[in-house]
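So, here come the structures, one by one.
The following pair of complexes shares a single chain, chain A, combined with chain B in the former and chain C in the latter.
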Partner chain A sequence: MAKADLPKLFRTLAKYGPVVAPVRVGENVVFREVTSLEEVELEYTRSLTPPKKLFLGPQEEILKFDGEKYEEVFEDGKAVLFGVHACDINGLLKLDEIYLDSPQDEYYARRRENVMIVGMSCVPDERCFCTSTGSSYAYGGFDLFLHDIGREYVVRVRTERGYEFTKDGYFKRMEEKDFLAFKKAEEKKVRSIKRKVDLAGIGDLIDVTPKSLWEELTAKCLACGSCNLVCPTCQCYDVLDVLELDIRSGSRIRRWDSCMLKRHALVAGGGNFRPTVVERTANRLSCKVGGEIRCVGCGRCTVYCPAKIDLVEMLERIRVGA
Partner chain B sequence: MNELIPKPVKILKVKDQTPIEKLFTLGVKLGQKPGQFIEMSIAGVGEAPVSICSSPTRGNVEVCVRRVGRVTNALHRLGAGARVGVRGPYGNGFPLEKMRGSEVVLVAGGIGMAPVRAVLQYLLDKKKEYGEIKLLYGIRDYSMMLFKDEILKLMNSKACTVYLSYEKEDEVCKRLRKEYPERVCQGVVTKLFEMVKLNPEAHAVVCGPPVMFWFVFKEMRNRGFPIERLYMTLERRMKCGIGKCKHCVVGVGSMMKYVCKDGPVFSGVEALTMRGMKYVR
Partner chain C sequence: MKKPRVGIFGFTGCAGDQLMILNLEDELLDLVGALDIKSFTMASSLVEDDEYDVAFVEGSITTPKQKEKLEQIRNKSKLLVAIGDCAAWGGVQASCNGIVSVSKKMVEVYGSRNVWEIYESKPLSAYVKVDFVLPGCPIEKEEFLRAATSLLHGDIPEAVDYPVCVECKLRENGCVLLEGRLCLGPITPGGCKARCPSLGVDCIGCRGVIDGESRIKSAIEVFKEAGFEKDYVKKRLRMFAANYPEILEVK
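Up next, the complex of A and B:
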């Protein structure tokens, strides 16, 4: 489709539900509800918080109780998540593996069903390393994906729901030259991602990394948890109960948690299974790249770390062992 | 079905066990496997994972809870008739089917006696399907012994052989030592291995505080017991109990497991190959 027709697509998408899209706020790009295409940042590198927040809220009520009677709380709502990059879509697929695994998380599952996803090609920078994590291209996990090939978008359709939006006259069948332009644009993108990291067997290397090296790698870490909060694949949550004034009714709330915080593995009596940033960093890296690769190479944890701790540099030093 | 919504369940009976532990009988049957746990919820306070300490062969679910923090203290304030929220059963449980036909050695320390009791009841009820049962139980003193009546009765019975170690001697412990000098001694639980002949064909179940586990593990290994026939439970901070919140993970590098979903029962081999677990020492 021609780029000039994007406002039309936007308007039909908006009929499905509120549109949540990347918006520039100061130095950052964040996902928020928009009412017009003008507000949307079409070319951006990475958003501050990942779009997973639509499926797993930073803080959300999961149930209400009155005495020991528990009732599910769920807001049903359709929405369109517009302008999501391949890495973040792959991040959602990784969260699916956890949250849709039996027994599935009903809140996540229903939102995943209700929210339509429109992907968009990205503008990588020197911190992206998604080609090393196999997440530079989204094979699935979206309804429509818009690839910028200059004056037009190549639109990939993945679902019937997405297909419904491509019936208007401004969508054209792809021709040979469009395929070539698409291929060229993708190749250019992949070539522009210069940062590489070798993850083969890194889990066992993490395992045998001496404490002295861990201490060096984590010396500047503030245990602030920012790296977790910005990560599109972090899955941890914490739960707490909030009581009303009648002290019998209230709600149970869950919120994002961070494995870099001291309390994450704290148990009653003060015992802690990951007492220092050394154990916590080893845990975080194991979780991300130790076994299955659960990192999508978005670079957020490095960009937003106040101590400038670089994930790829850490992994390289772990490989070297010094 | 939304797995995170607890079911309201009535407490049928509460029985003091020690100054800090109580046994709760709940008005629910869950068909659990020994070694599985439930998430117990007190509205407004929170949830806590607790092992089911009764065998499915005995009917209602029982839990033995130590008072240590918010939820457990609130629970201790409840009496018969009160309601709590229950989710579960969760976790893998002990591979009792693998142990069929063989001797089973149960080793318990402290609150670890709770999950061990579920196994013990199960084995006693299915006596014909299993070989000899040995229980090695380590307590601080008599006041801290869980399930006192049941243990004392078993010491006197042929259904299973009970070995007891205590750290501080009191009147009851002294009497027991005099009565059963070949099965009761003063010291930590590993001392009991001097009195027990370990059969390498047996299976072992070990539950207790992390420090105890490693001492028992080493002791049994040194005595030639095959670690692949040894099973233990792990305790970690838990929130969801179903493999989502990732609070409970153990292991480093390529060997990471969820205690709630892959455990809480792990074999000696898993214990040995999962590096993170050794940080506990």
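Up next, the complex of A and C:
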């Protein structure tokens, strides 16, 4: 489709439900509900928090109770998540492995079902390393994906739901020259992602890294949890009940948790099996790249670390062992 | 169920934390209905000297008389909750502890060191057992309400043991520290919903530090790398948490 026709597509998508898209706020880009295409930041590198927030809210009420009975709270509304990058779509697929696995998480599953995803090609910077984590391209996990090839978008259709939106006359069938332009654009993107990290066998190396090196790598760590909270694949949450003054009614809240914080491994009696940033960082890295690769190379944990701790540099030093 | 007997007391401080309780305007009637408030001098001159199920205590301890009164309260209370930064850490009035002696301060202010006996400003925990701390300058009124509710239910309230950064990220704020201002968010307990950074202002650490958890040495290193002067960093750290051992020893 021609880029000039994007407003038409946007208007059709908006009929499905509220559109949530990347918006520039000060120096950052965040996903927010928008009412027009003009508000959308079409060319951006990475949002501050990942779009997973639509499926797993930063802090959300999951049930209400009144002392007699309880009622689950579901957010069932339809919505369009517009302008999602390949790394973040791959991040959602990794969350699916956990949240949609049996028994599936109803809160997550319903939203995943109801929210339509429109992917968009990205503008990588020097801190992206998604080609090393196999997440620079989305094979699935979206309804439509728009690839910028200059004056036009190549639109990949993944679902029947997405297909319904491509029936208008402004969608043209791909010709060979379009395929070639698409290939060229993808090659350019892959080439522009200069940062590489070798993850082969990194799990073993993380496991056998001595405490002295961990201490060095985490010397500046503030244990603030930012790395987890901006990560598109961090899946941990905490659940708490908030009571009203009648001490009978209230609501159950779940909120994003962070394995870099004290309470993540705190158990009854005050014991903590990950008392310091050393154990917490080893755990975080094991979780991300130790077994399956659960990192999508978006660079957020590095970009938003107040102590400027660089994940790739840490992994490189773990490989070298010093 | 018998209503819990509650006492609310204040020592050296601005009484701002007690005021925050009174500022719970929409919930105040329910709150006084649920609690049997025996003493709250700021709200009522009617004081019933009694035993308390819970004592909420504001202010730092700076005189022998206060110390004695605090011990009396402790002895009469099943639970003692420190409210506000002064009670939790010693307050702003502790910011020169270990640097300027009490007698020097007396001479400076009153011209003589022998006007009356005073102590270096210390938190309540320096003298008595504190069961729970509600930090902040002032406290967050919603946090007080939640704590009161938990206590009514027979639970120890949920302590905020994560830094302001968490709430900043949940609110999708950019990082004030990375944007070049000395933000104490990474070492300060949340609970304020990152009020200041959400307005683009750096966190001044009014909620003190997370005991045993805040990474003071790392923070000093990070601030140094960000180009802040050592002395400025020290002053900022001391403003609300000078009595925290790792901060007290910063040269």
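Everything that follows uses one rule, which is that the second predicted complex is superposed on the first by the 321 of 322 C-alpha atoms of A that agree within 3 Å, B and C clash if a C-alpha of one lies under 4 Å from a C-alpha of the other, contacts with A are read in each partner's own complex, and residues count from 1 in each chain.
The rule is short, and it goes like this: contacts are C-beta pairs under 8 Å (C-beta built on N, C-alpha and C of every residue); 3 or more make two chains touch, one makes a residue touch a chain.
Quick caveat, the model's predicted, so the values are computed rather than measured.
Legend: residue contacts after superposition of the two complexes on their common chain; A:G291 is shown touching chain B, with no touch to chain C. Using the contact criterion defined above for the overlaid structures, shared-chain residue A:A268 touches chain B, although it does not reach chain C.
Chain A has more of its residues touched by B than by the other of chain B and chain C.
Contacts of A:Q235 after superposition: chain B is touched, whereas chain C is not reached. When the two structures are aligned on the shared chain, A:F179 is found in touch with neither chain B nor chain C.
Of the two partner chains, chain B is the only one that A:Y70 touches; chain C does not reach it.
By the touch criterion stated above, A:D105 is placed in contact with chain B alone, chain C being left untouched. Shared-chain residue A:G225: touches chain C; no touch with chain B. Look at A:I247: by the touch rule set out above, it reaches both chain B and chain C. Once the two complexes are laid over each other on the shared chain, residue contacts for A:Y170 go to neither chain B nor chain C.
Looking at chain A, you'll find residues 240, 243, 247 touch chain B in one structure and chain C in the other. Note for the complex: chain B touches chain A at residues 1-6, 8, 41-47, 68-69, 72, 83-85, 235-237, 239-240, 242-247, 249-256, 275-276, 279-280.
By the touch rule above, chain A contacts chain C in their complex via residues 25-28, 30, 48-49, 58-59, 219-226, 229-230, 240, 242-245, 247, 255-256, 258, 261-263, 277, 304, 306-308. On the side of chain C, the complex with chain A involves touching residues 27, 30-31, 34, 145-146, 148-150, 152-153, 158, 161-163, 165-166, 169-170, 172, 174-175, 177-179, 183, 185-187, 210, 213, 215, 218-219, 221-222, 225. Note for the complex: chain A touches chain B at residues 62-63, 65-72, 98-99, 101, 103, 105-106, 203-207, 235-241, 243, 247-248, 250, 257, 259, 264-269, 273-274, 279, 282-283, 286-287, 290-291.
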